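Paired with chain B in one complex and with chain C in the other, chain A is shared by the two complexes that follow.
Let's turn to the complex of A and B:
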């Protein structure tokens, strides 16, 4: 089976559910999430049986690649979406109140919170495979526009709308910069296919200024999506205001897909010595500044979602460090670990938010006594986010740092190590709240069966990957980051 | 008219849009500035396409991207205006200063 059917299947599923939504009784919207999640699980299974060689060579293969990196990131997008749908199921009472207001009789609009993630998931799977800049632009926009709606979906809460407007304005600005950047890359080379760029750009000597300008603009646009300094300013507000499942989705899947695209796009430009001389210092400064801003900004936070926002900025700095180290397998592992630990943290946030009604750190006071198992999972996830040894997060951070050492970026390592150390302080602030702060009430905090299963899986993932990283490493194959089909490699010489 | 004329015009358009984004405080005006940025990108694309002749014809790849940009911009405006309208219904304002629920 050709890999491009995977996305067609996801889009078909989403469209069918969108139509079916009209006929489902209002109380049964949960079924839509279940059908969506099981459909995605089937697609995830199909990921192991697709045959990349079966891509139609003339019509699809020039725009779409199914190299090992693409397949790995499709898997990440699918897993993240499945967990986000389950999280949404659990979060439904809050979603319903946010969408319909206090007047809880009208039951409209909840199903879209489960269907739009499917469209975004298809977009991210296309992003992972896109090897043509036009196709890349379209798949990125499919993700972004779905997210505009998702972020602002709790329209009875000013916070959600405000987050939606901020995301909309900055996201649209990044779209503008992306198109303008692609335009200049096209103007300088006459190409839009990444495989052709990968062959032609490293040896180019004329039009260097235009190429550098274009690549910087695209870098700026993707920095918005990943959350890199100086384009990180939307992240704290949007993460705090958006519904928790959407925040988790933004933090995990949107970031992962954008990181792969960033690495794919930058690779040819970093191989051209003249452009790399300008690009590498810029990337270094961005990475260092992102690490500092993320970690120092998180110190003073008292809202858990805002804390996770700054933490996600800090992790973006590490991811860029990994891209600079030019060993993408390390970045893939980092993202695999990041998906597990971040999703676990957001599951915990949504459970506490549902029963306590707030997502401040003080809402977690005494959680160790109210629900020891939940507190334990949150300790594991915080430890992994901070990078305590024997967790997946440690292996990810260590790998990326060693990659930077091997590539000789000593000044960056000198920033990254203290930044990681600062991280310990604010992640353990969460632990302190759970174990040593006096709670308002000592009622046991109930957790649904669905969340228990999901949390157990994610925590097990975080721990197992920490003890036995091979499990994930086997899924990541070392391959050229920009796949070059044999056919295009020959024709690229004639522009 | 050479390629440079078009590029400079598009560059001015892009800078106007970017400047407006930073300076203006009305969300609707900011949204219009975003359209200026997209318009400058499409103008640049058409110019590059027109001046890069392959066997006497303009390069079609760039013109194809122009159509996609127009379509995506329309989708973005549809979603964006809907969000701005619901913001106005809940806060009675479309000014950036009035967005201060989220702080930390």
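Let's turn to the complex of A and C:
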């Protein structure tokens, strides 16, 4: 089976559910999330049977690659979306209160919260495969536009609306920079296909300024999506205002797809010594500044979602460090670990938010007594996010740091290690609230069966990957980050 | 002549662009946007991209602006109140604008082919290349290209051909994107059911 059927299947699923919701208004919207999640699980299974050689050579293969990196990130996007749908199921009472028209008992409204993530998921799968700049732009826009709607969907809460407007305005700016950058790259080379750029750019000596300018603009646009330093300012407000499942989706899946795209795009430019001489210092400064801003900014936070926002900025700094180290398998592992631990944290937030009604850190006071199991999962997740040994997060951070050491970026390592140490303080602030702070009430906090299963899976993933990283490493194959077909088709653009 | 026209239209665009930002009345701003789009269309036409130029006018200067004005009417926005911006905000904005503008000017100045004009497209060679790629020699595009009585390019046909033969995947994604846009509008504009 050709890999491009995967996305077609996801889009088909999304459209079917959209129609089903319109014509057979189910009394229980949970059904939609369930069908969506099981459909995505089937697509995840299909990932293992697709045959990359079966891509239609003329219409698809020039723009779409199914290399090991693409398949790995498709898997990440699918897993993240499945968990986000389940999280949405659990979060439904809060969604109902926030979405216009969804409040009077089961009459509609929330279905789109489960269907739009499917479209975004297809977009992220396309992003993972995009080896053509135009194709990349379109898939990125599909993801972004789905997110604009999702972020603002709880319109009756001012926070969500404010987050939506901020995300829309800054997102539009970054889109503009992306297109402008692509234009400069196309103007200097006459190419939009990454496989052609990977061959041509490393040896180019003409128009270096234009190429550098174009690559910096695209870097700026993608830095916005990943949440890197000068373009990180939207993250805390948007993460805090958006509905929790959407925040989790933004933090995990959107970031992962953008990181792969960033690595893919930058690779040819980093292979050109003249451009790399300008690009690497910039990337180094961005990475170091992101690490500092993320970790120091998180110190003073008292809202859990805002804390996670700063934490996600800090992790973006580590991811860029991994890209600079030029060993993308380390970045892939880091992201695999990041997906597990971050999703677990967001599940915990959503459970507490639902029953306590707030997502401040003080809402977690005494959680260890109210629900010891939930407190344990949150401890594991926080430990992994901080990078305590024997958790997945430690292996990820250690790998990325070693990669940077091997590549000789000592000043960056000197910034990254203290930054990671600072991380221990604010992640363990969560633990302190759960174990040592006096709770307002001591009622046991119930957790649904669905959340219990999901949390158990994610926590197990975090721990198992910490003890036995080979499990994930086997899925990550070392392949060139920009796949170059054996015979690059001659497609000169003559009319 | 071409370059004079280019600078003329570019200036017109910049002037109208300023008009969009500076005007207090949103309808005037929208009308300035029309002027801006017309300038873009003129630039496209100067590049022999007639179809895109016409689409620019029909879609942007026509449909999009009508939509804008409709929304402005529905919302009944009066002239925006004059806002005092803090001096440091203006200063930072100016500095960023000057840096970016200077950067673009420097990069554009460093381009190697500045001043050199592209040679006109060799239609016979183009047809030959197309036939070599397995294109039917009697296809509409080829006949128009070889017809000496038609001086321009069959750009509508070429765009159509490219979209539906070389970029079908891109076209499908645009379709999905528009669907998501439509769904999104419905989700966000939904009223509270009573």
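We adopt the following convention: the second predicted complex is superposed on the first by the 479 of 495 C-alpha atoms of A that agree within 3 Å, B and C clash if a C-alpha of one lies under 4 Å from a C-alpha of the other, contacts with A are read in each partner's own complex, and residues count from 1 in each chain.
Everything that follows uses one rule, which is that contacts are C-beta pairs under 8 Å (C-beta built on N, C-alpha and C of every residue); 3 or more make two chains touch, one makes a residue touch a chain.
As the structure is a prediction and not an experimental result, all values here were calculated from the model.
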{"item": "Partner chain in contact with A:327 - chain B first, chain C second, else both or neither", "value": "neither"}
{"item": "Which superposed partner A:173 touches (first chain B, second chain C, both, neither)", "value": "first"}
{"item": "Which of chain B and chain C A:241 touches, first, second, both or neither", "value": "first"}
{"item": "Partner chain(s) touched by A:11 [first = chain B, second = chain C, both, neither]", "value": "second"}
{"item": "First (chain B), second (chain C), both or neither touched by A:115", "value": "second"}
{"item": "First (chain B), second (chain C), both or neither touched by A:213", "value": "second"}
{"item": "Touching partner for A:63 - first (chain B), second (chain C), both, neither", "value": "second"}
{"item": "Chain B versus chain C as contact partner of A:306, first or second or both or neither", "value": "first"}
{"item": "Partner chain(s) touched by A:138 [first = chain B, second = chain C, both, neither]", "value": "both"}
{"item": "Shared chain A contacts, counted only where both chain B and chain C touch the same residue", "value": "134, 138, 141, 145, 148-149, 152, 155-156, 164, 184"}
{"item": "Chain A-facing residues of chain C, complex", "value": "103-104, 106-107, 110-112, 121, 125-126, 129-130, 141, 145, 153, 158, 165-170, 173-174, 176-177, 179-181, 183-184, 186-188, 190-193"}
{"item": "Interface residues, chain A side, partner chain B - complex", "value": "133-134, 137-138, 141, 145, 148-149, 152, 155-156, 158-159, 161-166, 168-169, 172-173, 175-177, 179-180, 182-184, 186-187, 190, 192, 236-237, 240-241, 300-303, 306"}
{"item": "In the complex with chain C, residue positions of chain A that touch it", "value": "4, 11, 15, 18, 58-60, 63-64, 99-101, 103-104, 107-109, 112, 115-116, 119, 122-123, 126, 134-135, 138-139, 141-142, 145-146, 148-149, 152-153, 155-156, 164, 184, 206-207, 209-210, 212-213, 491-492, 494-495"}
{"item": "Chain A-facing residues of chain B, complex", "value": "14, 17-18, 21, 27, 30-31, 34, 37-38, 40-42, 44-45, 48, 52, 59, 61-62, 64-65, 68-69, 72, 75-76, 79-80, 83-84, 86-87, 90-91, 99, 101-102, 104"}
